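Please read the structure below before turning to the comments.
By letter and in written order, the chains are A, B, C, D, E and F; residue numbering begins at 1 in each of them.
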Amino acid sequence: MKKIVTFGEMMLRLKPQENERIIQSNQFSALYGGAEANVAVSLSLLGDHAQFVSKFPDHAVGQAALGTLRRYGVDTSQVLLGGPRLGIYFFEKGASIRNTSVVYDRAGSSFAVSKAAEYDWAQILADADYFYFSGITPAISAELTQAILSACQFCVNHQIKVICDLNYRGKMWTPQQAQATMNQLMPYVDICLAHDEDFEASLGIKAFDGDMSHGIEQKDDFISGMKAIIAKYPNIKTVASVLRNIYSVEDSQWMALMIDHDQVFETPIYQIHVWEGVAAGDAFGAGLIHGLVKNYNPQDCLNFALAASVLKLTISGDLNLVNEKEILEVMNKQNGMRMMR
Amino acid sequence: MKKIVTFGEMMLRLKPQENERIIQSNQFSALYGGAEANVAVSLSLLGDHAQFVSKFPDHAVGQAALGTLRRYGVDTSQVLLGGPRLGIYFFEKGASIRNTSVVYDRAGSSFAVSKAAEYDWAQILADADYFYFSGITPAISAELTQAILSACQFCVNHQIKVICDLNYRGKMWTPQQAQATMNQLMPYVDICLAHDEDFEASLGIKAFDGDMSHGIEQKDDFISGMKAIIAKYPNIKTVASVLRNIYSVEDSQWMALMIDHDQVFETPIYQIHVWEGVAAGDAFGAGLIHGLVKNYNPQDCLNFALAASVLKLTISGDLNLVNEKEILEVMNKQNGMRMMR
Amino acid sequence: MKKIVTFGEMMLRLKPQENERIIQSNQFSALYGGAEANVAVSLSLLGDHAQFVSKFPDHAVGQAALGTLRRYGVDTSQVLLGGPRLGIYFFEKGASIRNTSVVYDRAGSSFAVSKAAEYDWAQILADADYFYFSGITPAISAELTQAILSACQFCVNHQIKVICDLNYRGKMWTPQQAQATMNQLMPYVDICLAHDEDFEASLGIKAFDGDMSHGIEQKDDFISGMKAIIAKYPNIKTVASVLRNIYSVEDSQWMALMIDHDQVFETPIYQIHVWEGVAAGDAFGAGLIHGLVKNYNPQDCLNFALAASVLKLTISGDLNLVNEKEILEVMNKQNGMRMMR
Amino acid sequence: MKKIVTFGEMMLRLKPQENERIIQSNQFSALYGGAEANVAVSLSLLGDHAQFVSKFPDHAVGQAALGTLRRYGVDTSQVLLGGPRLGIYFFEKGASIRNTSVVYDRAGSSFAVSKAAEYDWAQILADADYFYFSGITPAISAELTQAILSACQFCVNHQIKVICDLNYRGKMWTPQQAQATMNQLMPYVDICLAHDEDFEASLGIKAFDGDMSHGIEQKDDFISGMKAIIAKYPNIKTVASVLRNIYSVEDSQWMALMIDHDQVFETPIYQIHVWEGVAAGDAFGAGLIHGLVKNYNPQDCLNFALAASVLKLTISGDLNLVNEKEILEVMNKQNGMRMMR
Amino acid sequence: MKKIVTFGEMMLRLKPQENERIIQSNQFSALYGGAEANVAVSLSLLGDHAQFVSKFPDHAVGQAALGTLRRYGVDTSQVLLGGPRLGIYFFEKGASIRNTSVVYDRAGSSFAVSKAAEYDWAQILADADYFYFSGITPAISAELTQAILSACQFCVNHQIKVICDLNYRGKMWTPQQAQATMNQLMPYVDICLAHDEDFEASLGIKAFDGDMSHGIEQKDDFISGMKAIIAKYPNIKTVASVLRNIYSVEDSQWMALMIDHDQVFETPIYQIHVWEGVAAGDAFGAGLIHGLVKNYNPQDCLNFALAASVLKLTISGDLNLVNEKEILEVMNKQNGMRMMR
Amino acid sequence: MKKIVTFGEMMLRLKPQENERIIQSNQFSALYGGAEANVAVSLSLLGDHAQFVSKFPDHAVGQAALGTLRRYGVDTSQVLLGGPRLGIYFFEKGASIRNTSVVYDRAGSSFAVSKAAEYDWAQILADADYFYFSGITPAISAELTQAILSACQFCVNHQIKVICDLNYRGKMWTPQQAQATMNQLMPYVDICLAHDEDFEASLGIKAFDGDMSHGIEQKDDFISGMKAIIAKYPNIKTVASVLRNIYSVEDSQWMALMIDHDQVFETPIYQIHVWEGVAAGDAFGAGLIHGLVKNYNPQDCLNFALAASVLKLTISGDLNLVNEKEILEVMNKQNGMRMMR
């Protein structure tokens, strides 16, 4: 079985009950998630060998996060224990014209203050086939950027494919900082996921005008942007993107594009009633990786990734708790679904 | 007051909180339902004398099911107590493109292992005006098929009208089994409810192509199918059907057809935002029976039945917890509702 | 800082969990609200000095209501304590074609049985800039009508602007009673809010045909009605109205009109997926008052008021728990929102 | 089967979640109860034919109360529908030295404002064997006192035994009022339940010094008081009392006394860890009536009644949701229980 | 690291919220447990390599059970998937004199209908050091008895120690059946746990008179019984027992005895306020095994096992969610605890 | 009205539902508390003018904390807004022999990183009568120690009484650090609260041997310690202490001592069944201050403080949600309470 290693932060997510706002709530649902952890859980539920690498505090809250990963079958044998705290984010789901809002409380976490030298990549990646990280991890600290760099160097020397989801987060760093850092890492990347503002903020490549209600109409600009990525980093053979028209918190349309070895692929457009608009990009990435692991053809890879992604929009929490059969059903049969072509 | 007797199984329904999936949930709402019990509760809430006949285990869980029936006014004086267990089904509500899914755990229930001889129809049906069963009950066991046959024979001899909702369930038997059994029972039926796949699976009559997103467009085929039922079983004077265009878990259109003494009736189309897509067929059947009991004209019967059915889509649980006034409001005034003609 | 005094009743609102109906529920969420209290909370969250005047029972339930006001910064220093009980209303949220329904249990509350003489307006309004009441308060009792009259007389003599939301409630009084009373109060009003049936029921002015699914199409009739109010009560310089097309419990369109010093203003139309269709009129009123307090120009006042109102539709409970920044975002940027012009 | 009719008020009980106080809570559990309703439910669960007579508002909250009675098998065929509201009480469970506290909001209920003439005793009591009321009902209104008087007169003429639980409530009337009223009713009573302050407040008979932590030590005084009741009202053949040492909210000791046809009976003392100290007196009364109905000998009657009563202390809500087998187990086997003799 | 294999059934446990009874509840907490699974989870949380062997249905409910095991680190690589259903038990926690009660619904589970031949012991036990089963598993079926017999035979030939907790369940088989079966299995056992009625019911050895309120007073009888076990099955070198005085659901005293290589050990007596009196025997067994694995001396083994067991009484659910440090704290420091010597 | 200013940190407290452990929970109740905030809330509920001074992040979580204070009437007009985060603590209630455990996540909070210069004491304390702080605040940072020092100096010069609860926290600093710091602050203190380990850890004075199960037996040592405090810091005129025998999480005995102007006072001993053993010291401090403010005599002050403290043990959350009447009832009547003298 192919093994995928993902490296990043897992946080406690606190969400008020039902539709409450944080200022009125006295009950939070407590779930755990984070981009790279989400990818690992997805892959595990799809039957792949997924290992998550991170550092968790060695107390009950850290154990609860760890337990979440294990519950869904993720290999946690390389998770480090120690350090001060688990990062937290407060998640307040929006409704209609009221946007979902998030209060981050992630500074100073055990992962954030961990050192590059704590991660022994030769051991961690010994039998890995893929290494996945997102742009969130290097945004956390220079030490973690260094850790990724070390991992990437090991990968290059050991035929391990590197997958990067650019995942730009404006609350964590500026485009200037992001570009300086990502420019160091991109030369090691084989497969790149770039959505929306990622092109410009992370790589300085213009592809999307920022209007989330008209992403799909900008398909040609996205394709140009994807080509520009490949032109800039010829090591990258595959670039994939999700395009969206977000009409309201509940109502949106989704499609995806991929350039793989210079060929452009695209999916049909899904009309979705969204339950929770988080972590759909992670679900997409995991779907794409699963397709690669299973040697799907590129069109099926992309279709599978998008079907995984839109299914995530119907699930509570950061984790895409679906199995391969459920994704294939959405992808193939499209039963009882309004599909717009 | 007219008395309606319904005969079938009631189960414990376990549903994860809010939008959770079963694999992530540690809290289930516990409600009780089942096709024939649902019909009895509806009729009772509409002010009719509804009696439910079944067999429940004589322990706390069985008592809780019984209490649910009594709470809504159903006559439970003929429910048998004993046997091993109450059937259970786990209900996971879908969202958007993720279908609602159900895990059945009903085998070996007190009702399923009950014997035909346990039901004393002469006593049970002594003062009944209508006898209702659905295709689920004969699918459970040969003994229960025999019980229905005995009940039907009693009805024929005592001017009790027999109503059958075909209610084909592919997880319980094959079309071959269903047709062999239903062919025995249909000669006793006065009023037949047939939806979607029921025509073909239960009776071998072609009427619907199986595409749930385009039921309404197949209206003419449904009418042909309904006529074919009457042609095959001339004892049946009334056939009614619900037709749907299911666009997603939340979004669908509903209408109904009825042939009554060779005349075709149809309703307008309702556009519905669905809360829980279960037991709408039972609500429809109860609405139709109530119209018959109250001597509504056929068009009002059908309109009332469909209004009851679409109201069910807005209610939590299997039971259609609405009263006559609420159904009439939806049927007559259509205030604040997008009605498509 | 400008000070706004609002005068009315606050009630305990009991709502079944999630989508349950009252007859099936054994768990109620307990929140507190009421038109004038809602306005006070909105204004306080917008940074204004809002004072609520009422009478609460001096027991734990009354303290809980008082605590709710204080929690969101409302000045409760003039709330009277004593009397028999807090009014209650049971709130059952509808879904799709099933209307939201309310069971009122407000008779005999501490506020309802309070006497006009208990309210010392010279003290209460000493440093006030605005006095707000809605048509609900005079509908409660003749004593409270007298209290408002006394307050209004004080206002006229002390340059305090009087704002009245007509807020007709058919369950509390008849149009005849309402008109007789409101005709006494309107001569003191500077700013009048009139929605839907208010025109005809409260003032005997025809403006809306009662079809909630086509309010927006009757824009011209509303404008005529608003002009008729000003013609009848020349002291009123500003009239504002919300117009709606209600398609279903979840699905509606909203816009607003205002005549200010003889000039007509209107907003764009918002397409809203409604979470809870209550207290949007109060949110509108508060938004308008805030605009006045902050000296927004009339168009911005109206836009802000409507943005506040539609945001309320996405919030749980009677209180519009949003801040100025969130309203301005909806008003100005309209990001990720389907705006129909 | 013997039939017992009980007459009184049923209220909505609102209780904060877990151990919360009312002022901090935003979630109430909603249950329904009331002394005479509690007795009816107990008897029904014990297999007796129990009918509850009252008046409920004809709306969803009234229907929910009615549904609660039906759920547990109570005959509600004589409940009147109509009137303004259902009485409510807020229940805040204490802990240790913090006493349980209750906020009553029962004034003006449909039952409280009902007229004596609405109750057709000839029809209601046609086939009754026992008529039960508590001192709460006459405390509500003169009309209800008259209703009880009419019922009692019918009973005397039709060999229906009358059972009265004195149930003095200091928040509802004064000892003077209570004694004046009870003195009218007592001459019709066959069986009288008198606990704690009831002796003195309801009948002016001294028996208990008011110190709830030392009730059991006053056994001789209770016996004297019981004898005084019989001396004063020779029609009364049976008087029963519960005696308690209440050490804290959770910790108490319970025993019972009965004088039946001049013979004194007493039970052992139970040491109880109390879950919810409400409605134990109603459970005692129901247990005693059940013993009478089943012709238990006096000692068994009393033992059964006390076992029922202490079991109630372990149950959530006003209703004693236990069956005969469970009570007999506690009464007979005393397994795993610290019994102090 | 030593590896312990446990073999048995895991069930879904449904428990009403807070203190509710099943007949009143509409909300169940859903946890998963079972004697041998509980032992595996305990050992895993103590840092040991614990593997659970069983058969689960391959659907969402089975996956949830599996996820529970993985969450707490149990090796599930040998769990079989398939078969009809997961066993269920309804758990109603008692209070004071009201006993905890359980409704079993475990018949026909995937494990119960699995065949002996499905378990490939050579593979499963390849690197095992201990094999643990309880008397529940052979009580389920002859096939599972055969499976255990095969496992035991493998153990004997491969120096794997066999641990058996007699765990007699009167609802599953009779003493006659139990003794016939256990007599076949005991000759393979190295370490035997026998509590309360186990001695007589499972082995026909008299040791305890059945009075749960006086177990500790019968210490000498227990020791005689333990010696009798060793006398009868000389292969058994270690027998351990828990003795209890159960005063009420919340209030009990606990101690333990062990005979190890003919030497008798005993613990002090703990006075415990019990939260949930389930699975304390499993926690004891796991504690004892952990002591063996870690080479504690016999006295420490026993003390550790009892401390683990009483800690379980304070935890919600079947699983003893405590770590080694927490158990050692209770065992060694006894801080803030009433210890009776 | 006298005004009391308290200065310290308020945190978000996250507690698993019911009796769950953190590692198994996915639902946290979210309350807000902290020693000095708790004192302010208590005083406000007792009718005093209490002002809380601190720094909160200016986001939804900070607003929620602020709202909690306002809800209970605390003056928050001097709370600073800004900085990175609100401190958090995870609270896991113990049971019986399983200790309550807390995971602190308070580092880097807005308050912790605030500067001494941000607090303008001349303005804050302008009309104050009492200034209260606990040993937690100086333990957070040198800046906050400096802030307290500045406040104390202002107090000395303005006849504001200074109250210090030593409140030693071993997880925040060492005895050496505490003593060095407290030695600077004590010369400004008028009233000192010292419990358990505070004597030795904060001041280097031996008074208590650390065995929480035998605090009360060490009464004489406490008195010696209290005298030593006064001897060392003659500015201190009043020292008060709570003494406890903690038998288990639920079961303990409480009493209090006070030396006031060289006279020793003591209370009776309360036997308490504890709901939540947190913040009882803060409740004690608030009770004592309230007595001072109201000019109770010293014995009543102490009795009132202890009654307030033991009532807190019955309340959920950090805040002592009781009023003066409830405390006086416990203090004076001792009804239904086991009082040990």
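Note that contacts are C-beta pairs under 8 Å (C-beta built on N, C-alpha and C of every residue); 3 or more make two chains touch, one makes a residue touch a chain.
None of the values given here were measured: they were computed from a predicted structure.
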Same or different residue numbers at the chain E/chain F copy interface, by half rule: different
Which pair, C-F or B-E, has more C-beta contacts? B-E
What chain lies farthest away from chain F once each centre is taken as the mean of the Cα atoms? B
Which whole number of Å gives the spacing of the CA centres of chain D and chain E? 44
Measure off the straight-line distance from the CA centroid of chain B to the CA centroid of chain F, and report it in whole Å. 62
Where does chain E touch two or more other chains at once, residue-wise? 18, 21, 23-24, 26, 67
Complex contacts: residues of chain C adjacent to chain A: 18, 270-276, 310-311, 313-317, 319, 321-322, 326, 329-330, 335-338
Contact footprint of chain D on chain B as seen in their complex: 67-68, 70-73
Help me check something: in the complex, which residues belonging to chain F touch chain E? 18-21, 23-24, 94-99, 212-213, 246-251
Considering only the defined contacts, which chain B positions touch chain E in the complex? 14, 21-31, 59-61, 63-64, 67, 84-86, 88, 90, 92, 101, 103, 105, 107-108
